[in-house]
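The letters A, B, C and D name the chains in turn, as written, and every chain counts its residues from 1.
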């Protein structure tokens, strides 16, 4: 699988310290020591994605630019609300359009009280709507997004429904 | 053929296309800033049929979300069922018997043909041709009767279960499917191609209209017939094989022009390919049970799971995060039309209103799938 | 054709009846024809085979309230539908139904018909402009450019007919074509006219389809783009009058085509000319209008104008030239 | 010039073939079903709203008030309760209300019931002016069926 190694190498420069190969993504998050930022190869048959990248929020744009050069396209941006750990998580899914298949999942953890992630709509215009939707449901502010307004909920809605502590 | 005209930005007026408009197939609203009949800026406004399926997924168990999947893209509901079943089976590690996989492929491909037929009918209706709609619905009715025999419902199917399908297909279904394929193949050249595809009025109406380049598709994440119309050979059934698709040989129609005519031809050829798949699946249909063993209450292992399925409109992704208990912790539905529509704003600039509608029709939009 | 008061009154009632019946029951024919093409039945509940359906529709339209939306130019809004109806009915005055049935045979009846046709165009423009709805304004602009573009080839083809028959009076044109179908303008064999007449007939027919905003050229009332075009703001009889106006325009178009090219009230074998032949020809032509409408998608405004300016007008000009030359030579 | 003419010729030909096809369709028999007069045949698996199954002799519902269907329903349309059986073992159904306005006919209840007490009914014309007609009391419905069966 030349492509996966090639992408892994391309991404590796962004994370100088070696990634912990031991704990594959999402395996018993609580017990395993929290993973440092890094690239880990995951079993695609089960988890759907070949590479799992955990990075700090400010590296998100750099990762996006690297993947953009390699010809990836942005499939989806999803937010996750880890209420008990007091963190939001933004998951970016990149995939190859045609040719050999390789999906890269980039995850960034952000503090729950003032969630701010730089926008990648400059690199991928597809992110424009996905980020507006994540802001709409979670309240994660994407810095210098062209027009960060609600996309699906009515304009005057003042709540973020997908937060775990949202009581209608 | 968008006439390069200098668009005066001072004398424009804002026209609301939708949310109640015959050409938007549902409640999509596009705010058009127009200069005369030319579109200066188009900005789709979404959310008129938003029901927050993702919160429903978090509140109910895994099995209770299956009926919701059919309410998102009701034209290709079985593919949405298939996507959801696939991601949960991967997460919980459930085996699906061979026969159930084949039945899934047969019913999904039949549903794809029905979806393409309805797209073709609605697209022609947008362009002003009324009669083709009736011919397409005549054929689609045959498919819906077949699927009703097996699944019990006609449009919003809830047929797939984790580990198999709701019930088995019988010989009458198989015979009915073979007759249907023979009938559609007989009608296709005359009623579909001679009456419409080769018609000069239609050709002039959708040829060289709405050019989408491969680079635009990649940057906006457009997949499915929209990408295949612009020369991108990307079909999840081939590139990221799931279920038993590797065992069938079918080819993926790709056109390089990138205009509405190319997307039109991609879908017409796809109907033919789906029929080929169904025939091969019917020939190689194995015996055996249709329902594998699956625990009554699913508690999949905590972790991040993603599954992609090829629906009639593009790649449908389920991003599932589980934390070990019986409800999904987080489910993000990556709907294909959401990304396909996002390039509308950029492509529709400088277009005529009539061309913009022909372009929107060639994108094959289903609004509840965008708004979720 | 003496013009006593009884004669005028008789024809007034006759034409109003003919127009009223046709306006209503053409709707029924259209729905039945469309249904048969689409292999369904069409209206079949109201009365025998749905024949009372137009009455039901008319009653419904009349009983609905005529809404005049706010911010609308009141007078023009109300006048426009009536203005769409008037030219269609008045142009039936000059149409020669048969030898002795024909309200008034004027010298320049062809010219009168085209003057009235442009009033119909103005009605659509006023209707669209007065209702203040953005869709209606776009549709009004479209219908003006369309009708203008298709008036010119129509006139040019009519001139070729007038050149051959020698007079602008519809009755003379019809009389000139009497005696069997080989005398009809289309098949007129002497001095090779049938060549140019075929082209004129086709161009004239296309233009009459475009003139009445029908089928492949229904840019003004494009359901899927402009909601209902200039009729968007009209309800009840306002909408009803526009629809009846459109159907009457089709009848006038069919009568004109029949008179100019198919020999008016002449029987194909030259023996029993009479008004029933004329009515038969009209209804065959009207059926082709319906047939065309339910076969083709709609063109786009550019193709429509290109078709007229780049194809129909050059062809009709050349056609006119050839006819004039043929007359000179033979 | 040649492109101009060939365009007209091919265009004209395609228009004429289009007319020929619709003409042929004009004379072919009608395909549609006239609904109120011809009723379509119902497929065996047709899903009307659910109804209780009574056992043949006594006509009592088979339901043992286990509440599995109530839990399985994604949109909480079923509400049922029962009381202790006099002879002490098991329960007897007293009330079974289905709120059909929220039901999405997914069949989870019928599937989850392993006492063969629920099935899909076969009536489809359920139009009514009043919303409360759709909160159905399936017990009463079972009694009516038994009465008209006798």
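Please note the rule applied: a contact is a pair of C-beta atoms (placed from the backbone, for glycine too) under 8 Å apart; a residue touches a chain by one contact, two chains touch by 3 or more.
It should be emphasised that the depicted structure is a prediction, and the values quoted were computed from it without experimental measurement.
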Chain closest to the assembly centre - both centres taken as Cα means: B
Rounded Å distance between chain A and chain D, as computed from the means of their C-alpha atoms: 43
Centre-of-Cα separation between chain D and chain C, whole angstrom: 50
Intercentroid distance (Cα basis), chain B paired with chain A, Å: 26
Contacts with two or more other chains, residues of chain A listed in rising order: none
Multi-partner residues of chain B (each touching 2 or more other chains): 131, 135, 138, 195, 199, 201
Numbers and ranges of chain C residues touching at least 2 other chains: 37-40, 294-296
Contacting chain pairs - touch in the sense defined above: A-B, B-C, B-D, C-D
Residue ranges of chain B in contact with chain C within the complex: 1, 3, 13, 15, 21-23, 36-37, 124-131, 134-135, 138, 195-196, 199, 201-202, 204-205, 352-355, 357-358
Sites on chain B touched by chain D in the complex: 56, 60, 63-68, 71, 131, 135, 138, 145, 148-153, 156, 158, 166-167, 190-191, 194-195, 198-201
Chain D residues within the chain C interface of the complex: 8, 15, 18-19, 21-23, 25-26, 28-32, 34
List of chain B residues in touch with chain A within their complex: 46-47, 50, 52, 54-55, 58, 87, 90, 93, 217-221, 223, 227, 232-234, 239-240, 302-308, 315, 317, 319, 321, 329-330, 332, 334, 338-339, 342-343, 346, 371-372
Touch list for chain C against partner chain B, complex: 34, 37-40, 134-135, 138, 141-142, 216, 218, 222-227, 294-303
